[in-house]
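Take a look at the structure below.
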Amino acid sequence: MTRKINPFFQPVSAMDLPRYAGVPTFMRLPYLTSDDPNYAAVELGLVGVPWDGGTTNRPGARHGPRSLRDYSTMIRAGNPVSGINPFSSVNCADLGDVPPNPIDLHDSMERISTFYAGLKQNKITPMTAGGDHLIALPILRGLASDAPVGLIQFDSHTDLFDSYFGGNKYTHGTPFRRAIEEGLVDPKRMVQIGIRGTAYNIEDVEWGLDQGIRIIRIEEFFDRGAADVMAEVRGIVGTEPAYCTFDIDFIDPTFAPGTGTPEIGGPNSFQAQQVVRALEGVNLIGADLVEVSPPFDPTGGTAWLGVSIMFELMCVLSAAIRENQA
Amino acid sequence: MTRKINPFFQPVSAMDLPRYAGVPTFMRLPYLTSDDPNYAAVELGLVGVPWDGGTTNRPGARHGPRSLRDYSTMIRAGNPVSGINPFSSVNCADLGDVPPNPIDLHDSMERISTFYAGLKQNKITPMTAGGDHLIALPILRGLASDAPVGLIQFDSHTDLFDSYFGGNKYTHGTPFRRAIEEGLVDPKRMVQIGIRGTAYNIEDVEWGLDQGIRIIRIEEFFDRGAADVMAEVRGIVGTEPAYCTFDIDFIDPTFAPGTGTPEIGGPNSFQAQQVVRALEGVNLIGADLVEVSPPFDPTGGTAWLGVSIMFELMCVLSAAIRENQA
Amino acid sequence: MTRKINPFFQPVSAMDLPRYAGVPTFMRLPYLTSDDPNYAAVELGLVGVPWDGGTTNRPGARHGPRSLRDYSTMIRAGNPVSGINPFSSVNCADLGDVPPNPIDLHDSMERISTFYAGLKQNKITPMTAGGDHLIALPILRGLASDAPVGLIQFDSHTDLFDSYFGGNKYTHGTPFRRAIEEGLVDPKRMVQIGIRGTAYNIEDVEWGLDQGIRIIRIEEFFDRGAADVMAEVRGIVGTEPAYCTFDIDFIDPTFAPGTGTPEIGGPNSFQAQQVVRALEGVNLIGADLVEVSPPFDPTGGTAWLGVSIMFELMCVLSAAIRENQA
Amino acid sequence: MTRKINPFFQPVSAMDLPRYAGVPTFMRLPYLTSDDPNYAAVELGLVGVPWDGGTTNRPGARHGPRSLRDYSTMIRAGNPVSGINPFSSVNCADLGDVPPNPIDLHDSMERISTFYAGLKQNKITPMTAGGDHLIALPILRGLASDAPVGLIQFDSHTDLFDSYFGGNKYTHGTPFRRAIEEGLVDPKRMVQIGIRGTAYNIEDVEWGLDQGIRIIRIEEFFDRGAADVMAEVRGIVGTEPAYCTFDIDFIDPTFAPGTGTPEIGGPNSFQAQQVVRALEGVNLIGADLVEVSPPFDPTGGTAWLGVSIMFELMCVLSAAIRENQA
Amino acid sequence: MTRKINPFFQPVSAMDLPRYAGVPTFMRLPYLTSDDPNYAAVELGLVGVPWDGGTTNRPGARHGPRSLRDYSTMIRAGNPVSGINPFSSVNCADLGDVPPNPIDLHDSMERISTFYAGLKQNKITPMTAGGDHLIALPILRGLASDAPVGLIQFDSHTDLFDSYFGGNKYTHGTPFRRAIEEGLVDPKRMVQIGIRGTAYNIEDVEWGLDQGIRIIRIEEFFDRGAADVMAEVRGIVGTEPAYCTFDIDFIDPTFAPGTGTPEIGGPNSFQAQQVVRALEGVNLIGADLVEVSPPFDPTGGTAWLGVSIMFELMCVLSAAIRENQA
Amino acid sequence: MTRKINPFFQPVSAMDLPRYAGVPTFMRLPYLTSDDPNYAAVELGLVGVPWDGGTTNRPGARHGPRSLRDYSTMIRAGNPVSGINPFSSVNCADLGDVPPNPIDLHDSMERISTFYAGLKQNKITPMTAGGDHLIALPILRGLASDAPVGLIQFDSHTDLFDSYFGGNKYTHGTPFRRAIEEGLVDPKRMVQIGIRGTAYNIEDVEWGLDQGIRIIRIEEFFDRGAADVMAEVRGIVGTEPAYCTFDIDFIDPTFAPGTGTPEIGGPNSFQAQQVVRALEGVNLIGADLVEVSPPFDPTGGTAWLGVSIMFELMCVLSAAIRENQA
């Protein structure tokens, strides 16, 4: 997997500048916009989507990218478990934030899908920091316009509801129903892990099962263990292109309090690392980490956990990029 | 000003139930909906508008009414300075929250204006707890549909901008421009107190001055003092009906950190009490206290300050109600 | 288990009013006092006991009911694991708070026992939110005046001490010794789960074992697992009436920091759910969730965990009510 | 005012041990109990009364002494305004905490009055850190058993109520009514400064005025200024022995959020320093600083303000001790 | 004062990207390093010095620049009082952080002075965000190597001590004594405003007065008012080059809790704005804002106040730059 | 293991003084300095080292001892699992803090090693509260000057790096490399448990393995379980003298957020108790608990967890002392 490392795309080392110093880009990587001469060389792009317009409960995910960037400066370069160093494997860069319109849901969705269509055109694999979960819909519109992709969703909620508050079709509780309806996701290659929490009804689950989605509730996850569950997950998504969406509320809210709709009884941080590491080998075309809400995260613990998971996702994304280049 | 006190409308006393106990309605008043037999007797209605859909910066004002209700249970019955006891002067009740649609700005505005039109029809003077400042527009649509009212605005921002982010006309930075354009507010009887903060431009101020609005910047306020400024304010609004809108960011952010767009260099809490007390005698048809954002108020100090100001507003509102009944 | 659902007793849905909106009653249920015409129909009553007069260490549990009500508005209607929807199974209502006397321990205890005797008379099964653990004693005085009940206690402390600070018999460290002495609890049908923490002596444990109480320390709990332990628990309490008391300090203090006397090394939130779900089938006459101390819970995580456990308790309570009605 | 300085009674200097280091006694002074050979030499004793049994609203003042000791280690030795260095003027020591009984109000009061009677016997002037305001009653019982003293009370509440919750005579709202009734305080030589806040009734004020107490509301304080008000105060208490009781809620709650019953619209920290400095020359026999509640003071700002005021009180107390020795 | 505005150096507008979005450079300005082609055009450079190696009390100022950058994104473009828009007056840029060595005091000081000597060589006026107050010494070494400058110091401490803990000459309590000894500052053109707090001795003040420094204690400041004091200050520093150093602990710790060595009884935020605005016309060659310690600033209020003061400093700095270019 | 208990060395009981009361010494033990007549009888000494001069990332560990003392007052006397009561087994005392020099790394290290050499001379086994991890080096210099000791290190980092930031040899990332180079630790009898986190390189691990250190990564720990791992650990260190160093970042940062360099995916609090209890029988000559950083621990949960672990360490230390006396 060795190749010549491009020094331009290396993160600033704590040996040169302490981690609390400097302008906080994602992972201390160079910050690039599309008019930069180095843009064409980017393979893995970190993108923020600071928008929570789809949130029906507690807001604040619009502040997610800023806080995740801040804590990302404590991430170092290599993964001691898998041995992957994403920064020396592929060219990584911070591509900034999609400019959302905080008071116009549809304008924001269009801005997001346009941005991601641009990434796709430039063959940049995106690692996104949300934002609420509705952002996954316009991201998929940008990335999966050609053919439906597989989907691996870590989450405590299915986000498969039909509508809200008298017919509104676009909230953070509906993105994957829309994505399936729009042909962006293949429900037969879709799996949800960690589902739990009280419920008004089971309309979402019934619709999902009808489509063929595999829904793994938290009880099953704890019974079988991460390794066994993730082996099944890899089988379901297979070798075709797939996208991974990681809602921070998958993790127990004691570990990740900074989120809008917490559900107790979830996995711990080690199990969160385990499930992402188990994605090595999956043909990932992108990933996101959503629903980190800094106003509910006074100590920053959720942001630190979130960027630690983003780093794990970058490792498996960089492996997938190299695999596809091979 | 004496009259028979209706025991139904009295707040629960701390002599019967400690202040930290019980279901937290506004000021420990009875909670009524419009189908309640006592509804017709309400004269001063406390209403929450838990919505921040007009917010372009930091969110969270949707949580304002809940937090204000919580801290309002520490308010007692009488105002020792003015001698007014609003609860024995007029029938007060908690009328609950307007149900907003968190993902649809225009639907929410319609719900709000309908609710307030209903209050007007029932001759209930509203004391509103926001919510972001955009709620003032649909409130005024509900209350001032007949004729433009005077407006007293305590605020660090003019909220007189025309549009945002490429043409959006409805944000918490635009409500009073819209209200004037729609004929809900008479700009000649409008005054803003406390304006300050850095600015992209002075388009808002210039437009406001052109309409005849009196804008009193914070420097003038500190130079002249509260009493002198408020005497002028009373002169401007005169004896015709007027509305008072109190943005918590009028007060210095050290006193009121829990708000979305703080501006340093503002008045302290005593000055905030002084300016409201000086409204005694104004023909008020309603008032609001907006932009309390609990996620940025970890100690609750902003909510406590906010309800303390709401109580002062209730005192002058109840005096106005009695005056109009005289 | 179907029967006609009484719409009056249904919680407000987030589809009608967002969860952060409205006056926060327990679980968004109607709030009733004993003079309400619907009172007679209540089967499961949620009651707050905002009192911490028995606390010898860090105070604040008096604020528990308020905070638990606040977070309870994020609970939805059904339990996806057991399939129980307590709100459609039995008539649930918020019955308000018992008015305690914050400066008189014995007066407060009398007020509490009188309140619960009234519930018993009206055949209302109580789900209580404390308050410190001493409240369990007057609750049991109200509920178990006829015959001793079984007791299932989730706790890190035995609360079986004899006295404190020179002879005081009534503190939150003594309620169950008193309850046994007074014949309210049958020690042979009593079990404590989760005991741990440093100790001055083992007087409490020795006395308890002498009475025949089954004490399951945390080491045994972790060794055997929740399912095995709870099977034994069900065997001990049998089919006769039993009461469940859940001290939030049963759970590890990282999950539940907002409590007065935390002990490290406890169960996580999933295990807390497991043990309560395993109470299905027990003949429960009531339950409480105590020792949530909001001043030590700045992020509200303990309150959210606490109401999530209260919901689980309501599920098994509602099943017991239906069973007894069968 | 020079005399030989006793090195034993000097605080640890930051030049020898950084302020954040070491066991936190009050002001970094030696900690002594009554059996210590140096006890007889103590002239000014710092005492904690960690008790909030008289609190009818939010608790936590029991934690006051611990937190005040912690922040007191940032106090240095001299007062640059008055030139007084209390530590070189008189022998100061930390005398520890009175052991209160957290579940027995009357036992606690007896323990406190016994402790202070002992101090009086040993001619130790006490500077007390509370605790809630009820502690002032047993302190005065200990100190003023011979003859009524003058009283200077900085407070937002009069604490002159008769009873609470059906006849209870001893709460933190009643100590000075009891003290006058018991002949411990001469109401003609008593003055209250800073009174404000909403009120259920004015029974307290009327009773106080009837006794001859001078009550200076906050509006009068702001109108006249600290210097003018304090000149009157000194005139009222005259040259006979007087006690000073400083409730931290005298200060605006933005400056002192960590207290149980905050009232907005109070003085700032500089004004708090001014009023205490103006006590120089008063014949003080003791002072207290009460109602600091650390659970509501997450940043410690109230504790820091509180010990800064305690230092100012120590300066005027040490001057009074020297004056009485002259 | 008009000139052609360079669009490259304009801050990102909230009309294009909401304030909570994007990589947080100072004031949303472009981030440049010295090898950037636009570097030569910079006139006013914002620099962070994330270092607290001189701190003898509570640490954390090393985190200051990161937090100040974060909150600076809420600053808009123009000063509505003075009418100055620094961004359209001179070319402003974020020049990043000086890389300090967190474990080597002397290495860090050398790195800082080298960095600022480079700025001087490039004729860039620095606006610095600290860091503890010791950074002012190496900054002055870099800027004032040719001739001593005047110094305006807003602070609660003189920082004129000789040594600490047995002879250490370099701490945040000594920088200005060293600067005078090294001939970097002319003590006759030096003034300190806001001095207060308890003291071990007055060695610092005596030494300072002997050098001819004008020391304005806080009592004098409050007595005379900001305008009068600042008129004197302008007279003292005259028209020769001067440097302004602003320790955030000049401001009252209720307004600025996030600092290592707070002293109560200080100015409020409006007075802080007033004193900086009164520097217009002073021949400033640079300024700093130091001692913001984010670990003690959980709500970010100190950072927001700090960047608001930095903006005021930028306004007077940009006026001085334009004046010197005229 | 019985012997005559010395009442002087017993902690204050909560039966005599509530836990929140009194001057907070470690574990409520007597505080002694070396000139105290009881000093010679001390067998187990609790020592604070309030110093974070070796910290290259987030500071604050200098505040560790103060906060750990505060929370230690909630520890009671006996260990209910092992049955050990350290206070009745050996004479325990709080020996205060080593006075560090906050601005001179080498002076501080010398002060620490001198202090511990004194303890060794007096045959006092130290239980240390840090401070950052660099303090372990001067502690070992004081304790292991005669012969290398075994080392059991609970940590998420190896702290085996060679240098930092251009050659600095002494940081909290290097102590154990220095300790081995200096012959203080026998690498063949050294084991590290819990290693994890991203890495710049594996230089540290490679060097450590070359020396013969046993490094047990967190994945292996979770796979095998605490009991199996600790059996191996006991085998490695054998029966010769050994030292235990416990970095709080060994534990998952959700349980221990108050630390400078957190790494997700660690053990929970029960596992932390298990590993320390498994040290019973090891020939321990001392132990430390380091890297608790109170500024990042707003709720005190880390301090409470830390002192709970300190108590467990005291239990195994006291057993080792008794064993060596046998």
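Going by the order they are written in, the chains are A, B, C, D, E and F; count residues from 1 in each one.
Heads up, the rule we're going with is that a contact is a pair of C-beta atoms (placed from the backbone, for glycine too) under 8 Å apart; a residue touches a chain by one contact, two chains touch by 3 or more.
Remember, predicted model here, so these are calculated numbers, not experimental data.
Novice: The C-F interface: which of A-B, C-D or A-F repeats it, judged by over half of the contact pairs being the same residue numbers?
Specialist: A-F
Novice: Counting residue numbers used by both copies over all numbers at the interface, does the subunit B-subunit C contact come out same (over half shared) or different (under half)?
Specialist: Interface between subunit B and subunit C is built from largely the same residues.
Novice: Average the CA atoms of each chain to get its centre, and name the chain whose centre is farthest from that of subunit F.
Specialist: B
Novice: Using mean C-alpha positions as chain centres, tell me how far subunit D is from subunit F in Å, no decimals.
Specialist: The answer is 40 Å.
Novice: Between subunit C and subunit E, what is the separation of their C-alpha centroids in Å?
Specialist: The answer is 56 Å.
Novice: Show the residues in subunit C shared as contacts by 2 or more other chains, in ascending order.
Specialist: Within subunit C, residues 18, 20, 56-58, 62-63, 102, 164-166, 254, 268, 296, 298 contact more than one other chain.
Novice: Classify the chain contact graph as line, ring, star, complete or other.
Specialist: Topology of touching chains reads as other, fitting no named class.
Novice: Okay, what are all the chain pairs that touch?
Specialist: Contact pairs between chains: A-B, A-C, A-E, A-F, B-C, B-D, B-E, C-D, C-F, D-E, D-F, E-F.
Novice: For the complex, give me every residue of subunit A touching subunit C.
Specialist: Touch list, subunit A to subunit C: 56-58, 164-166, 196-202, 217-219, 222, 252-254, 257, 261-262, 264-266, 268, 296, 298.
Novice: Considering the complex alone, what residue numbers of subunit A touch subunit F?
Specialist: Residues 13-15, 18-20, 74-81, 254-255, 268-270, 272-273, 298-299, 301, 304-305, 308, 311 of subunit A touch subunit F in their complex.
Novice: Spell out the part of subunit A that touches subunit B in their complex, as residue ranges.
Specialist: My answer: residues 52-60, 62-63, 101-105, 107, 164-166, 168, 170-171, 295-296, 298.
Novice: Quick one: which bits of subunit C touch subunit B in the complex? Just the residue numbers, please.
Specialist: Spelled out, the residues of subunit C in touch with subunit B are 16-18, 20-25, 31, 48, 50, 62-63, 65-66, 69-70, 94, 96-97, 99-100, 102, 298.
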